[in-house]
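Per-chain residue numbering starts at 1, and chain names A, B, C and D are given in the order in which the chains are listed.
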Amino acid sequence: MSPLLASVGAETETAFTMPSINYYAIAPILILFGAAVVSVLVEAFVPQRGRRPVQLVIVVGSIVAALAVTIDLRGTRLVTGEGAIAVDGPTLLMWGALLVIGLLGALLMAERSIDPLGDAFAPRASALPGSEDEQEFTRRGFLQTEVWPFLLFALTGMLVFVASNDLLVMFVALEVMSLPLYLLAGMARRRRLLSQEAALKYFLLGAFSSAFFLYGAAMLYGFSGSVSLVAISDTLSAKTGEGSLVAIGIALLMVGLLFKVAAVPFHQWTPDVYQGAPTPVTGFMAATVKIAAFGALLRVLYVSLGGLRWDWEPMLWIIAALTMLVGSVVAITQTDIKRMLAYSSIAQAGFILVGVVAASPQGLASALFYLVAYAFTTIGTFAVITMVRDASGEATHLSKWAGLGKKSPVVAAVFSLFMLSLAGIPLTSGFVGKFGVFAAAIDSGNTWLVIVGVVASVIAAFFYVRVIVLMYFSDPTPDTASVVIPSAFTTIALTASAVMTIALGVFPQWLLDIITQAGVFIR
Amino acid sequence: MNFPWLTTLMVVPLVGSIVVALLPKGRDLLAKQVALVVSLATLVITVLMATQFQGDSAEPFQFVESHPWIPAFGISYSVGVDGIALVLVALAATLVPVVVLAGWHDVDESSRGSVKGYFALILVLETLMIGVFSALDVFLFYVFFEVMLIPVYFMIGRFGGIQRSYAAVKFLLYSLVGGLFMLASLIGLYVVSAQMTGTGTFDFVSLAGLDIDPDVQKLLFLGFFFAFAVKAPLWPFHTWLPDAAAESKPGTSVLLIGVLDKVGTFGMIRYCLPIFPAASDFYAPVVIGMALVGIFYGAFVALSQNDMKRLFAYSSMSHFGFITLGIFVFTSQGQTGSVVYMVAHGLSTAALFLTAGFLMDRYRGSSLISDYEGVNKAAPVLAGFFLVAALSSLALPGLVSFVGEFLVLLGSFERYVWVGALATVGIVITAAYVLRLYQRSMTGPLKPELEGMGDLRGREVTALVPIALLTIVLGVFPAPLLNVINPAVDRVMTSVGATDPAPTVQSAGLSTEGADQ
Amino acid sequence: MNPSSYVVLSALLFSIGAIGVLVRRNAIVVFMSVELMLNAANLAFVSFARMNGNLDGQVVAFFVMVVAAAEVVVGLAIIVTIFRTRRSASIDEPNLLKY
Amino acid sequence: MTELMPAEGVFSLIWLLIALPLAGAAVLLVGGRRTNAWGPLLGVLTVSASAVLGIVMLLQMMQNSPEQRTFDQTLFSWVFVGGFQADMAFQLDQLSMVFVLLITIVGALIHVYSLGYMSHDRDKRKFFGYLNLFVAAMLILVLANNYLLLYVGWEGVGLASYLLIGFWQHKPSAAAAAKKAFVINRIGDVGMSLAIMLMFVTFGTVSFQGVFGVADQASEGTLNAIGLLLLLAACGKSAQFPLQAWLLDAMEGPTPVSALIHAATMVTAGVYLIARSNAIFDVATVAATTVVVVGVVTVFIGAIIGSAKDDIKKSLAGSTMSQIGYMIAAAGLGPIGYVFAIFHLLTHGVFKAGLFLGAGSVMHGMNDNVDMRRYGALRKVMIVTYVTFAAGWLSIMGIPPFSGFFSKDEIIHAAFEQSVLTGVLLIIGAGVTGFYMTRMFIMTFLGKARWEDDVHPHESPKVMTVPLVLLAIGSLFLGMALLYWGNIETWLEPVVGYEAGESPISTTASIALSLLAVGLGVLVAYLMYQRRAVPIEAPHGSWLTRAARNELYGNEVNDVLVVQPTYYTSRWLVWFDNKGVDGFVNGSAAFVGGLSGRMRRYQTGFARSYALSMVGGAVLVVLALVLVRAS
């Protein structure tokens, strides 16, 4: 019997009974949410000049606080909010990851000493590109501070998304996570047209996909009479018939989630959005949305549809294979580095899917490890991109990276490290991740998927290596970009991600231990 | 043996390379000196270690160290050497100082990449080479196997010739293809071990202990073998080698072909055979076929090369054919021969590439045979070393390469008469292309352009002498090699369950007692 | 009448919405089609709630309405900005990002 | 039969025989120009020292009874793997003893001669280094106690010969000749390697004692195979048909080299090999017969070539080929022939060395011109050379009492014992020998002077003539000495075995016949070259002459059969490697690239097309699930 029904149905006879909620268990969500609301108020009442520092304090403070609570919660394993929220090992792990990455993302967004005009965001997103009042804003040094509440809301949404234990909460979380991101995508200070186009596409397609998700949820509800994942899985195992209803439900639900993880054929938004969005935002969402979306996907598949794995596995096999191949192949001929990394992120999603379809504890663990490793590497990668600039802003065209290794060896070295990690060379986090998912896949008998993965990795290696070739093996040209020395914000983010990339590659055991302790999803 | 010999061997060059890399810009000379000292120190340590090695010990591996690394996957940092690994480690440790000394000025005027970078990379590479040969954990081996690509990739790509980046990328991707397929089988192996013993492991000894279902073996073998065949390189997976060799600095080529590629053949005898005995037996005919083709293919192609470096590359391919052949005929003569041949080939390759490099330094860095004639007149010492190198690569009796080649041929002949006989014919073509090279470049009237080209200088001679000495001394007195290799090979033979065919006529008992029993 | 026919109706609405997204150029209209899809889902929820005899579906419908409202806000904001820059609300106009 | 004696007393120095010249070579080659002053002398000394040591050993060996004349010295075990064992060990017995003496004594003489001959060469220390290297390698060859070590010497002499043929490397012809010699010898080495392998596979050992001890137990087929493979090796080293082509080009080397390596010692290694392996050939009848055939064929090839060449050295080379043909044929005869093969080898070693050095002396006086048509009437100007050359001439023709007479006639007689045909053929061969040697002698020393204008022939210095004289004395007396005083049969019998068979014709008859044949040859030569003036331009000549001048088209045959096909294959493979193998590699890369280029076109940038593909995907997913569930 669904908890919601309990509450609503109760109204008819006796007094309204409060749903029992373990507030401490969901404290991280509450902290972030509260912080988000506060920062909205700050936008409203704190004068323009003072906003930025206040916002930064709020953002960093709240994230750190949430992180502290999350760490304190370790080992917790419960379902609260009348079964709406599941706080278990994987949830906490992903919360931790999301918060840390979110913090790094916040640092990237806070960077303002790279671009002579200020930070990465348009002073007034509503202003016409190139219009005199925009220039006015720029001259008066206005800074876009609405990004901070957006960031916090998005993070809140992600936290809920990975913890949500029924489809309704999941849907709401999905929207809370996505809507701010749509807006953030459109706020680039330079190349406004691209940025707005990215926002539009992201928004329309995102809304489109969440409609699919919702309709799928409706179908499953229709089948099982509940939106709770556990209830659904129970009904699925209990009652047969109405196969098509379940099939459509699962399928549409998948569409919504696979869209977020950018799996082929629901991936096409990714390159455009990654390229158009302000680079810090791209980094932030490339890293976090992957985690959140895969978290939800894993929960749905393992908790709710575990019984039906034989039904959805074949479909996911094909999608995983397609995702790996298409991502890798198309990336080869890209000339814009952000776009190339977008395709690379598609390919990476494919690799993670290989772990997901293993549908085993190892599969879950390997996918989680891969997500964390990938998130750190990705945010670092985009951090570097923000620093490589020429007169017109970020120099994202690959030709401008030629000979960068000669001009600024350190940054080039760090970027090469990230590339090697994404290519899955041993002693980097990417390799351990790949190793994990392949191991899980072979263990559950999907050897051929691993073969496809191997082929894809080879193809992918080519374009990762190509960047290194450009930076080191070719001589600098007149229009080779130069690296701007960033402030502490970016430096910290960059260092952290580089350190993690190596640490997880050389000594992955500690994270593996944490993941092992995290165990599986609670039902 | 409590002293962590092997770890020390790996740490010393690594530290050295860090030091070199951290030196201030412009202190190139200092960088070179540090590199030389470090590599020599490593050599000394290696020699000390080798003296501690007991050839007749009951332990399969010596100087073993083992510490858990990633217990979650049953991965441990465990190293140790048997005779085979020992000689290859020694080879690496010997060649690095030689290369450093020989390459003293190779990168002085390189537009990209700093001078110190080159030498730092060489030292890193030394660490990895020693690691890959002494790893006792298959995963650890794989890690070294793959990571090794990176420094070489940079050495080719940053310090190479015109086509360098094409060559470098081709090298890297080709090796990655092999490596990733190996990764797949590696994981498969892990999973299989998990299913058989409950807990998955990568420990070589316990993996060799399992007897895996033959059909599974046949699958897993392919992944490993493919990687090794690319590395070695075996026909038809060889085309990356000529490009890489032609584009890279002589020193790079020496380390690449002289040592790195040995990882391929080393992997076959160390991993393919003991872990997949049934599969090795099953695929032996195919492999032997590839080896035979390689022997002749490489020799024939080398016969009409006009670029010395490419010629050496193809000749190496032919030699790798011999080595592989010796491994897969499953006779102690063949396999010991292969290991000796690996060492010999390392030495002769080094001699050839370095001498050629010195020659090229003297004439616009051209590696075209047609650009040289009658060098003997202008630079007799250089020509002399060139001849020694050439002779050792055609396996002249009395040189170490002869010991290797003859044993390989003998071993093959024992098992498959016609294979052995056919392979033996290869020595004629080898002689043909080697002497053709010497005749074209060194003899005849001196080319006018080459007038007044200087002979080898002290540094260059110093670099070449040790190689030449080793080639001759080990040829006359190979016991130091054989004493350590024989026991290791016997273990391999037992692990594949193969025994040498007995002579058809039982001889008077003379000379049937091998020194290794 | 049989509530399952409402489910069929919702399916129709959903499909119409989806097709609308595919065929219409005007961003506003496309957006409306998405809203139509959401409401189709609502209809499905409600009618399933009726069929399953519990109220969850109806509760969901309320939540969805709220979310949809929020979506409208964001969506219109973005569309309007685009419109102001490009003087057109066609979603085929912004086509700089491709390949 | 023979027992192995431990190498004690003087015999503990067997290794020193080799070490001395080897050390000399090392010093001279490593020392470089520093040794220019004293280097050549050192070279002479080391070899002479070995010669003295060898003589001492000979005297010592004579003390022992014939069964106790095999001394074995094992230094250390060399190559040992599993059942395979080859030691760095030497065996000095009667057979190797005579070779040691031949090599060291003739070698020493030629070293001395070279002091004069090479006096003007700026690289002469290198020359002596190579010569020392050769002597050392040759000693290893004859002293080894197992086939693998023998192989080392075998290849070592090949290397030395390579270096010495190509000594004047600035002459492309010399370099080419050197390469040719090495490569053709390499073909012989294939035979050698395979023979050794087959021995190991059959007997489980490659040491002489081990193999010969059980040779008769192996199947005859195997033994024939081994025998033929050894013959192939011998053909390479001894320039026998069909691997004879290299010897004439080898004359590019300095004349002392031709004398020592390509007449006296190295080229006879094949004979040594066969005689040494007598235990195998005794049983392997097919192989033995083939040996005889090869020998006889080569007798004629060499003789015919020798008769047509105007180049004195090439003519002598032809004769060497032919004389070795005699030895090989004799060795093929089995126990009745081994002894005389070695006997002829020794006498030939001496008189042919003398002839070559004589030719060298002539060239020395004629500004290194080798064309006999520009010689003539040299007897007046270089009297010593004339006399000594005459001694060699008479000896090789087998005129009593010169050395060649005894050795060659023993062979012919033994040949009759095996088959009349062989005997007859060999006698005819002797006739041809008479012809070409007389032709050479007349064209060089008799008749009118046909010198070029600027040459002023003169006798060579003492340092060159003294060896000539000594060798001439050798060619006069060595035959008698070995046969009557040294009675060679009994000396060698314990090693190679000896049994006199009964011959269809009497000794006197065979002697008479061969002398008759020789006489005919001499007469023809006299008529052709003494009565008629020798034209300076070679006449067109009969087809046979032309063929002989072209070395019976041996090179052309090799070219068509071997060289051209090899290079054709090579070039084709290069093409295949670039277009085929590498083409595939690059092609697959290009394919992926093209695929990528086409696929990115689907990323049109239109949001609605993205939506479309999403819907399509959704439909597919739905269908997939429905199907799976249905199934």
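Following the convention adopted for this analysis, contacts are C-beta pairs under 8 Å (C-beta built on N, C-alpha and C of every residue); 3 or more make two chains touch, one makes a residue touch a chain.
Bear in mind that the values here come from a model prediction, so they are computed numbers and not experimental data.
In summary, the chains found to touch both chain A and chain D are B, C.
When the C-beta contacts at A-B and at C-D are tallied, the pair with the greater total is A-B.
Chain centres were defined as the mean of their Cα atoms; on that basis the chain farthest from chain C turns out to be D. For this pair, chain A with chain B, the centres built from the Cα atoms lie 45 Å apart.
Chain B and chain C have centres, each the mean of its CA atoms, that are 66 Å apart. If you average the Cα atoms of chain C and of chain D, the two centres end up 97 Å apart. For this pair, chain A with chain C, the centres built from the Cα atoms lie 24 Å apart. Multi-chain contact residues, meaning those touching two or more other chains, occur in chain B at positions 173. Within chain A, contacts with two or more other chains are made by residues 200-201, 204, 208, 212, 271-272, 462.
The set of chain D residues that touch two or more partner chains comprises 589, 600, 603, 605, 607, 611.
Pairs of chains meeting the touch criterion: A-B, A-C, A-D, B-D, C-D. Across the complex, chain B is touched by residues 403, 405-406, 420, 425-427, 431-432, 435, 438-439, 442-443, 447, 450-451, 454, 457-458, 461-462, 465-466, 469, 472-475, 508-509, 512-513, 516 of chain A.
Interface residues of chain A, counted against chain C in their complex, comprise 2, 4-5, 8-9, 125-126, 128-129, 168, 171-172, 175, 179, 182-183, 186, 192-194, 196-201, 203-204, 207-208, 211-212, 214-215, 217-219, 221-222, 225-227, 271-272, 275-276. Across the complex, chain A meets chain D through its residues 200-201, 204-205, 208-209, 212, 243-244, 246-248, 250-252, 254-255, 259, 264-266, 268-269, 271-272, 310-312, 314-315, 318-319, 326, 329-334, 459, 462. Taken in their complex, chain C has these residues touching chain A: 7, 10, 14, 17-18, 21, 27, 30-31, 34, 37-38, 40-41, 44-45, 48-49, 51-57, 59-60, 63-64, 67, 70-71, 74-75, 77-79, 81-82, 84-86, 91, 94-98. Touching chain A in their complex are the following residues of chain B: 69-73, 111-113, 142-143, 146-147, 149-150, 154, 157-158, 164-165, 168-169, 172-173, 176-177, 180-181, 183-184, 187-188, 190-191, 194.
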